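One chain, chain A, links the two complexes that follow: it is found with chain B in the first and with chain C in the second.
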Partner chain A sequence: MILSLSKDAIEIIKEQDVVLFRNRLKETAIRIKMSLVNQTRLITAASELVRNMLRYANGGMCLIEIVTRGRDNGIRLTFTDKGPGIPDIALAMRDGYSTGKSLGMGLPGSKRLVNEFEIKSQAGEGTMVIILKWSHG
Partner chain B sequence: MDKIPILKMGPFLLVTIQVDLYDRLALTLEADLVQMVNKTRAKGVLIDISAVSIVDSFMGRIIGNIASMSKLLEAETVLVGMQPAVAITLIELGLPLNGVHTALDMERGMNLLKSMINDTSNIGDNEIEEDDLIVE
Partner chain C sequence: MLQKKKKSILENWMKNQLVYEGLREDLISNDELRIQSEKLIDALVANLSADGINDLDSEKWSPVIEILGGISITRARQGFSPRETGNFIFTLKEALLLVLQEEIKDDPKTLYEESLKISRLMDNLSIVTFETFIKGREEVILRQTDEIAEISTPVIRVWEGILALPIIGTLDSARTQIVMENLLQEIVNTRSSIAILDISGVPAVDSLVAQHLIKTVSATRLMGADCIISGIRPEIAQTIVHLGIDLSSITTKASLASALAYAFKSMKLEVRRANTVQKL
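After this line comes the complex of A and B, so read on.
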């Protein structure tokens, strides 16, 4: 069972918010003594998702949660936007696929960097992505 | 607006990225650097990312772009000082940065650039010698 210990919501509407968000995430990761490599993986994955949110949905919200499953702590991030949504998630999750001018590495790449990855989207209503990274492992 | 300084040292340009890059800053750096390569006729570009803790797919693409653009302007690019955690993350993300030269630190990067420039000038010399032989 996964319990949530703390919650912190950050609004991301402009590019500079990303730096602030990354710093907040870094502080949280250090507080739960996440290993450096896992911190880097988590922040990189988050950075990809935040960029998607800014580019395709003009921004959104991110909820930073410290979660625990007993001995191990982790960080769960929930990204919500009210953008156009993703019509075909399976296609968007494919390496190298992009509707923008990017490399198409963002979604599949961030999935590889975290322990849990969940994406829900409704065309015309928005997208929600939840990722979870444990401090160790 | 923030800018990342580009220093000229002999035939090379040095860039040390000390801050966390956001997208527009990275794009500005890309444009400035390519302009500088052209203006100074630099033979090499050394980018130090030892203070950078996050390189995501966008940053990776900018680094790749800088290398390809400089190449078109006859300059080599060497990326130095990548943190181990960044290397791990880049590969897992699926961004091997093919085509970008790397070195462990500034000194080795500088040596690599010098050797690359010498190599190309040697090739030029050899071609001239071959031409001479043909004439003979």
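After this line comes the complex of A and C, so read on.
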């Protein structure tokens, strides 16, 4: 049973928003006393996904939620965009695959950095990625 | 009609401005304020005529807008708040309306029409004030952005043949370009053979930042110099491993000190404590 405690939506339109978003995320992570390593992992994963959003979908929305499952708190991030969508998710999740000229580590890498990772995409309609990181774990 | 009343408008306006509690006597003196106000009223009244009052785009208004714009921009630079700047023009509106009220006491219809005209004019002028005020502020921000870009990418010559480049803040494509250009140019200028990129001040290293780092290192190698990346914090090391980025082809060190020690070693230099105390 996962309960959501607080919600905070941030719009990502330009590259400068990434810095603002990352700072907000860091504040939230510090508030729930997330360990430094987990903070860095979450922020890095989020940063990958936000960059994807900017690069392939010209921006989108990000929802920062503090969630709890009893004694443990965590942060859940929901990224939604109205971009072209990902036609083959299995391929996109493979290490080293990229349609742009990047390293192709963004999606698979961020999956390895967080506890829960969910991706839904509809070609032509957009993509939604939900990640969750517990403060200890 | 208003021309005759110039004096009393000015008096009223000054009174209004002085009464306003947010008056910034620390930023502007009364005399200076008076001069500014007088100049504006002169221009305003000179151009105030029945036909041109509704058309702010006409050339007749350009001196007024110019004066107003000048005042707003100076105020933005001096650090006035938007409220204080807006108040400057709003108190003028009040003063004008007060004069109108006294003059056309007996004819409510004309009073209403004239007041409406003055209101519209002053509202337009306030919009001009805010536009220029914001423009002034934006110039300040733009200048600061340039300054930050300039100070954030220094190339330091730490030793004969060794360059250090501390990177602070997020490494985006534009920054990487500046960093790379500065570094490569400096390698040529100083004939250095080792460059140390210190990323202690980079808050997060994701795949894009890593890609930029790899590109910078490759470019340095092409120039015949060696590139060491230092300042990799424990949490960043873990994150890079989890992300699956391969940095094994690059020499990396935890701190700038160990990177420097490595650089000394590869240049066959030795740092020793002197046995005898020398006079400096």
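Structural remarks
Note that the second predicted complex is superposed on the first by the 137 of 137 C-alpha atoms of A that agree within 3 Å, B and C clash if a C-alpha of one lies under 4 Å from a C-alpha of the other, contacts with A are read in each partner's own complex, and residues count from 1 in each chain.
Just so we're on the same page, contacts are C-beta pairs under 8 Å (C-beta built on N, C-alpha and C of every residue); 3 or more make two chains touch, one makes a residue touch a chain.
Predicted model only: the values in this text are computed from it and were never measured.
By the touch criterion defined above, A:L36 lies against chain B and chain C together after alignment on the C-alpha atoms of chain A. Of the two partner chains, neither chain B nor chain C is touched by A:K133. Contacts of A:P108 after superposition: both chain B and chain C are touched. Once chain A of one complex is fitted onto chain A of the other, the partner contacts of A:R76 are absent, as it touches neither chain B nor chain C.
Judged by the document's definition of touching, chain A residues 15, 18-19, 22, 26, 36-37, 39-41, 43-44, 47-48, 51, 95, 102-103, 105-106, 108-110, 112-113 lie at the interface with chain B and also at the interface with chain C. On the chain B side of its complex with chain A, the touching residues are 20, 22-24, 53-58, 60-61, 83-86, 88-89, 92-95. Across the complex, chain C is touched by residues 15, 18-19, 22, 26, 36-37, 39-41, 43-44, 47-48, 51, 95, 102-103, 105-106, 108-110, 112-113 of chain A.
Across the interface of their complex, chain A is touched by residues 170, 172, 203-208, 210-211, 234-236, 238-239, 242-245 of chain C. Across the complex, chain A meets chain B through its residues 15-16, 18-19, 22-23, 26, 36-37, 39-41, 43-44, 47-48, 51, 95, 102-103, 105-106, 108-110, 112-113.
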